[in-house]
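Got some structures for you, see below.
In what comes next, chain A is part of two complexes: it sits with chain B in the first one and with chain C in the second one.
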Partner chain A sequence: MASLIETLVEELKAKLIAGFRLEGVTAATINADMPIFGGGLGLDSIDALELVAILEQDYGIVITERAVANKAFASVRALAEFVAANRA
Partner chain B sequence: MIRRHPVVTGTGIVCAAGDGVPAVWESIRANRSGLGPLTLFPSARYANHLVGQVRADVDARAGRVRGSRSDKLAWIAAREALAAAGLENMDPARTGVLLGATVGGMAATEEVLAALLRDNRRAFGPLRFHECAGAAVLCAKKIGARGPVATFSTACSAGAMAILAAAEFIEQGEADVMLVGAADSLARFTLNGFGSLLLLDPNGCRPFDARRAGISLGEGAAMLVLEAEETAMARGAKVLARLSGWGASCDAFHATAPQPEGLGAFAAMSRALERGDLGPGEIDFVSAHGTATPDNDAMEARALKKLFGDRVPPFGSVKRFFGHTLAASGAIKAVLAVQSLREQATPGTPGFEVADEKIGLQPVREFRPQPLGHVLSNSFGFGGNNVALVFSDSRRRRGEEAHSESRSRRHCFAPARADSNRFAILGAGVVSPAGNSIEEVAATFGAGGARVSAFSVPVASPATTTRVCACGEFGAEQFIEPAKRRRLSRLQQLTLVAARRSLAPELLAGVAPERICVAIGTGLGALADTAAFLENMILKDERAPRPAAFTGSVHNSLASQVAIEMNLAGPNFTPVPRGIPFETALWQATTEIGAGRADLALVGAADELNQYQLAAGMRWGWWDEASPEIRPLPGEGGAVFTLGPIENKSAPLASVSAIRIGRGENVEAEAQAEWICETLARAGIAAGEVDALLTGTIGLRATDEYCRVLGAALSRRAGREVLRLDYQRCCGEHHSASAFGFLTAIGLVRGEIPVEPACRTVAIFTLTTDGTRGMCCVRA
Partner chain C sequence: MNGEFSILAASWLGPEGYGNDLTGLRDWPTSLAEQLQRGDLNGLHWSLLSDSDPSRFLRMDLMCRLGFMAVELLDAGFDTMSDVRREHTGVCIESFTGSLDTDIRFALTPRPSIFTYTLPSTVIGEICIRFRLKGPVLSLVPTAPGGGDGPAEAIDWLQRGEAENVLCLSIEAMNRSTANSLPLPPELSAAGWHAAALLLGPEENPSRAQPLTAGPLADIAASRVRAPCRNALAISNRQKIQCG
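Then we have the complex of A and B:
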């Protein structure tokens, strides 16, 4: 399980960098335990909603409530755990 | 000079709660929600959502109307309002139409794109009705209005914004009668758009409820006949209510989320009260925006507490009766405010059950009789475009409230637009096919034409390219930091670059952000984002909708993004009429400056080319690549100007006056010349002073011939040869091209664009095929 989460963490970091065209950011510079939004990555609430679309597109996970999104996006690691538990 | 007070003499509504004011009021009296299942179109994702769909047969009710569902809804409501007002023998030249719209013909556009992308079928016809501007033109044609005709698209406050703008036109004596309101139909686009923002509550909205989870989308239209009190009295009209106060503000905070403390909402409400000479204690009821999103209702409650302290008057939200009808919302609420005053009763708030302790305020639950003198109605839109309106009981005479007579005197002011009003042009920024500065444009002008390029149109059959006037690189990286640029649409970037170029930082010294107005229009908005959202929605069958494309596609994302990035919190306007978004923006901004409510204004317009629009235009043979003199090539671009009062300390580039918008369908060039001269004369400019006439047309064939005759007609009136130039020669034809014409005029009067003989006074005139016209005059 741990290795699955670690794999997902790296996969999600790559998706964040590509999906949000984060210039000058590498997987190594993203702290997996820090908040994804409203933090150092310069991502905001509309990016969070874009990430909802990415999760639906790539993992078949449909989020319809903001509260669910807010919890899932607490950190990259939290997101990896959320994806592992919910993906189709 | 006495203020010309606007009064309401007619109202009309069609929405999910009923067809006609009596039917809607009956639903409200019964506290009965009109939300129900979505049957208008199939939806893969939102079929089970409760929506506010109009159940009446809209096509049949509208009668002989060619247009979108939004246009038809508009006409149904307009017909009711006009009949109620009993308007006969009104002076067409003194009658105008100002509407709000955000959806326009989107519901049909998405079917056109679906047929194209899924079945490779090209049935472009409904794209003719895509624009938000259609409903206002339709209504103007129906009633023969020849005064100001325009449309505003400030998202969910657009209907209220149109009413606010119309009040100014009446107060300034520009019109006696204005048909005002808004219409928006349901569309997959908006359902998926709000869905992508996680703002929909599938089970129906619950305004101010602790469990509230979003809006219910609705559709509908509402119209009011607004008249100057003196002309309404003169014709013996029955006055239903007075529009006694209005105010606008901009959060300058976020593309979709409201400023959490409600500062923008507070500012709009405060300005409306101030305008109406009213204290907070005089407001008897607040018709809240109350969308039932967690953010809006919390913010609005904070704003109410800030304004009213511990004496918040009874308030409620009508959103569950008919859903959030977007632009129409503010207009429907206005009609209901008028009806509340007449009936001396207030609507309840269906959907509200559990009080939210965090809000600490509870709305009125049920319909109830209540003595009402003044009702405040709030409308807040994406981008933080806020509008508040105050309607007052017409049976209470002004001055009956003990103090208000003296206050009225104190606040009495002459119409803002004195005949000689001139405004200083303090800065200019442009992104155009002819260059990105006056110098570059001058060089292109001198070289005798535009930079023409090939534009790829893969959706045409067969896939092809067409010659257009397209913008090149415009230096976004110099003006917008990468983290911001990442998510702004191309048109937002283009507009922001033009805005930053136009506003020299030293002009900002000592000016409060609330004193800087932003008025930036567009004809079709960010088409790239609109298309991207639609393509994604159609090809993925509504899965994984893209929120950034939705927020970027909203027409007022241009003006509101400029406000956010540059921290400009004055009133924020997005006019979207065909051909004259720039002139309408000029009018709005100079109204704010002229009335002393703004020290500076950013004024502009922007539009962009798109392959779907080009594919349709090619199919219809709109232009001939070989003969741009018959009709100019399609173009794009944007320009933004910084304006201030003429007594501004900084040395202006030039001045502008004689700003006017109107309508004159099938008008001979002679009569157009007369209109131009009349407008110039109002501004104290004799025809003989005009050195050059810059012309541009939208959709007109043989434009060169028409404008040549127009130029000759003006020359005869001037008693000398007036130089006539087509401003679209260098920028192509598009709705925002007159902003480029304005830049050209500045270049001409400053001698930066050299012509013989030199020009000191340049008039700019724009005409569209539907008769929409606008003008202004730039002087050295």
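Then we have the complex of A and C:
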């Protein structure tokens, strides 16, 4: 399970960088335990919508409740755990 | 057009080059020039013009990128402008093609990050945020590429005292590949691309200010850039306009 989570962490980092066109950001510079939003990545509410779309399109996960999103988006690692537990 | 108000700065980006009324028209880097000539605009990047933070640039749509670059290229000193003056600086944008390039991309790939830019007025918001401008704003859709009433509207604001300065932009932003992806009316698919900017206001720097003449905004800006100020002082070191 641990290796699956680490694989997902790296996969999600790559999706964040490509999906949000984060210039000058590499997977190594993203701390998997830091908040995705409100942190150093400069992401905003539109990016939150984009992330919801990525989860739906790439993993078949539909998020409809804010509380669920808040927990899942707490960090890249939290997101990886959420994806591992909920993907189709 | 109006003796009271002048062109304080002008900039132009188009297939043939880019520059402002101080620098004159500069060539694009050779590797990029060919792409731009055939209407492939994906290689346009903030770093061509400035060393300043480009963090949002790649996330913007093409219209916002061009508008952003045109304003940066003006070298109008927004960074050192007083808060009071920025609060009275308006922005007027005219665009025949508007957000069509982005609209088509959104139709092909419906994503939230693309949807954000499916309005031609979004570029005004991006410019106002970056340069902290708080005056009146207006987005116009002229009936032909490069033509519009932007300067006339700006003069009206200036005469009424609604703004002390007005930033006028003309932007046409159609990537050739996007235009070719759908059957468009000929006037749209042939609109090409450019971004032109004029900063209008009372004359304050005789070495740079020039009279505002009648005509389409894009033509006025392009002519100012092709005939740069002879008496202009040294170009700001902040600008990277050096490739040729």
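The rule is short, and it goes like this: the second predicted complex is superposed on the first by the 88 of 88 C-alpha atoms of A that agree within 3 Å, B and C clash if a C-alpha of one lies under 4 Å from a C-alpha of the other, contacts with A are read in each partner's own complex, and residues count from 1 in each chain.
By definition in this document, a residue touches a chain if its C-beta (ideal position, glycine included) is under 8 Å from a C-beta of that chain, and two chains touch if they have at least 3 such contacts.
None of these values were measured; they are calculated from a predicted model.
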item: Touching partner for A:F20 - first (chain B), second (chain C), both, neither; value: both
item: First (chain B), second (chain C), both or neither touched by A:E56; value: first
item: First, second, both or neither for A:A69, with chain B first and chain C second; value: first
item: In the superposition, chain B vs chain C on chain A residues touched; value: B
item: Partner chain in contact with A:I46 - chain B first, chain C second, else both or neither; value: both
item: Shared chain A contacts, counted only where both chain B and chain C touch the same residue; value: 20-21, 23, 42, 46-47, 49-50, 52-53
item: Contact set on chain C toward chain A in their complex; value: 54-59, 111-113, 116
item: Chain A residues within the chain B interface of the complex; value: 20-21, 23, 42, 45-47, 49-50, 52-54, 56-57, 63-66, 69
item: Complex contact set, residues of chain B against chain A; value: 195-198, 200, 202, 213, 254-257, 294, 482-483, 486-487, 540, 543-548, 551
item: Complex contacts: residues of chain A adjacent to chain C; value: 19-21, 23-24, 42, 46-47, 49-50, 52-53
